[in-house]
Amino acid sequence: MLEAAELRCERGGRTLFSGLAFTLGSGALLRIAGPNGRGKTSLLRILCGLLEPAAGEVRWKGAPIRELREEFARQLVYLGHAPAVKDDLTAAENLSIACRLSGFPATEKSIHAALETLGVPPQALVKKLSQGQRRRSALARLVLSESVPLWLLDEPLAALDAAAAALVTGLVAEHVRRGGMAAFTTHQEAGFAGVPVSVLDLDAFDA
Amino acid sequence: MKPRHKRLAAIAIGVAALGIVVALVLRAFNENLVFFFTPSQVVAHEAPEGRTFRIGGMVEKGSVKRQADGVTVQFTVTDTAKTLPVSYRGPLPDLFREGKGVVAQGKLGPDGVFRASEVLAKHDENYMPPEAAEAVKKAQQTAEKTSRTLAK
Amino acid sequence: MLDAVRCLVARDLLLALRRKSDVGTALLFFVIVASLFPLGIGAEPNLLRAVAPGVIWVAALLSSMLSLRRMFEADHADGTLEQMALGAAPLGVVVAAKALAHWLVAGLPLVVIAPVLALQYDVSPSLYGVLALSLLLGTPVLSLVGGIGAALTLGLRGGGVLLSLLVLPLCVPVLIMGAGSVEMAAAGLGASGQLLLLAAMLVGAAAAAPWAIAAALRISLE
Amino acid sequence: MSARSIHWFWYASPQTFYPLAGAIGRLAAPAAAVLALVGLYIGLFVAPTDAQQGEAYRIIFIHVPAAWMSMFLYVVMAFWAAIGLAFNTRLSAMMARALAPTGALFTFIALWTGSLWGKPTWGTYWVWDARLTSELILLFLYLGFMALQASIDDTRRADRAGALLAIVGVVNVPIIYYSVQWWNTLHQGASVSLKSGSSMAPIMLWGMLVMALAFWMYSIAVAMARVRCIIRERGEA
């Protein structure tokens, strides 16, 4: 269970939000909403431990993530703005390395399968791929992250066509139905195949 | 690994690294790491031959002699155990005195005379007015005399 | 944990292999800087022999400064650095692997090529061993200490010059001991004192620097 | 939280420290001026000529206290930086930032007066021995600290990055201090030490200590003025 307690976030001397609190239990899907510059990305980065909140703390199963560090990191997948793929590696190499670094080595076969699910040619160098395909090759990690309980996704649907967006929402819905939890930010409304989405509006925590 | 074990492992690595560093540094300080060589080292052929290096020690009392040309100075540097003759052409620093510290840079000639290209005065950390210095000197001489008398 | 180290080192080597020009530039820089000195100070053999250790060491220092900026910058730009910070291995281990990879790509070639430059400077072949050994002990320290600077200046405007300003003073002891060891050996004295101190610096840096780099990265990633 | 602990941390907040810093500065600045006048009077007129070095030695009344302060201020700066990094206190980071220029100034003065002293006594302005080289590195460390902080716009990141750099640089301070014992350097050993006392005539020692106190007061006054500027700059007054 992920728990945010009285979070305050300051960026560049400005308070983005304060007193933010919520819990994310098993099988819950959370959409973080708010206009640009309200701190959606900052909140996600606080939740995964990349950013230290100005006040309050994030707890995972009751323990502060600041103390758990990589114990906690092993329980989460974070996909940020940048696709986190290297231009000079193939999509398959990128995915294999990402899985090994997060502590879940995947077989070559499953990596190829995952990439093909998202329609990315596994042996192509990433620099030869289009922006959308790059994004897809990053999202292929989700296919291999079934066993990781917490998914934190920053704009997962950006730069995707309708078919890919449907694929991703499908993956997220399936994950949540399995008992996983996910939080994501997005501008566009999206359906998650009947899975209820709770919304956290950052405007409500305006400082 | 539990956080507690991790902390212990980190401390163990830190202590081990510190131990190795200290051991290596202590060994290194037994080797040559010097700004200058002492006359004893030069006499024992520990200083590089045919190359520029520095020597350091005291200017022996009564050893400073100016050559007829007026610019060449000859003196002896001592570390109380061994002595080394030095010759130097050029102006000496103000603090160059007999019985005081000196550092000279140059080469060792084949005749065993150190040909200095630069002479620096190394002064000590004592500061006192002249009268006090005189008093200290007297006290030392008395002490020396006493010890010599005792030795007899 | 070890798997993460293997994985990262292999990845960085593979990336270097696919972008040979980056590695080549730093090496070429080393060779050119070292070759400029005889043109600047004259080709008198005695003079060249005397300045050789210092020149080769300074060139090595500058060349590894040049490549330091790449240690984290590219990974930062494409987001992989964040993924490393959220990996299963502690960040200290990750950055140690990055520093190792940096050394393999940017430091080790200098060690290998240094005797060739020494040849240009008419250095006696008996000194090649000491020169290579001093570089072998010293260049990893440059990668480790430099990593702290690279992490601190991540993503800053004009970070390259700032990086050198921060790292060069910290590397002075390595330079002094590295060049000093060759000079001592050239003078026919034992170089072991300086080499032992270099080894001490290497052990100290290997133990302390990854921690500092990790802390610096956390600050810069916020 | 008990009442006592609240009281203890009262001045850790920039708002409450701001007036206190002003008060300390108003006391320290005149003290620095008076002590400097007294110290210079002792140094230039009362203290006798040195037996070996003649009048040239009088530069110790500036040189030695400046060299002490250059090292001491670095340690203080690193201490505040470490506190700021560990406990996330804004004021400590501001203190570290306020101390750096003064430390750099004293390092520069120590090097400059040292070279003026070196020429008549040693016979050279500069030699690359361990003490002089490591003091020069200290100057570079101060400059690097200031340059790093100046080039980061986000104050929080600037404070924390600078703090880490300051802590890493602390290894240099013991090297400077012990360099004269570890290597055969041209620079003489310490004239004043805790273990063996002083090897100076008492009046000379007094002059030097008064000057050291004057430099302390100056550092405090300037640091307080600068920390007030930083607090206002960050809109926390």
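Here are a few things to note about the model shown:
For clarity, chains are labelled A, B, C and D in written order, and residue numbers in each chain start from 1.
Everything that follows uses one rule, which is that a residue touches a chain if its C-beta (ideal position, glycine included) is under 8 Å from a C-beta of that chain, and two chains touch if they have at least 3 such contacts.
Since we're looking at a predicted model, the values are computed, not measured.
Ranked by distance of CA centroids from chain A, the top chain is B. Located most centrally within the structure is C, per distance between chain CA means and the overall CA mean. Chain B and chain C have CA centres that are 35 Å apart.
Centroids built from CA atoms put chain B at 67 Å from chain A.
In this assembly, the C-alpha centroid of chain B lies 31 Å from the C-alpha centroid of chain D. Those residues of chain B in touch with two or more other chains are numbered 29, 33. For chain C, residues touching at least two other chains, in rising order: 90, 222. Taken in their complex, chain A has these residues touching chain D: 10-13. Listing the residues of chain D that touch chain A in their complex gives 153-156, 234-235. The part of chain B that touches chain D in the complex is made up of residues 29, 33-36, 56, 92-97, 100, 103, 118-134.
Contacts from chain A toward chain C in the complex involve residues 48-52, 69-70, 73-74, 76, 78, 80-89, 93, 97-98, 100-105.
The touching residues of chain C, when paired with chain B in their complex, are 90, 184, 186-190, 192-194, 196-197, 199-200, 203-204, 206-208.
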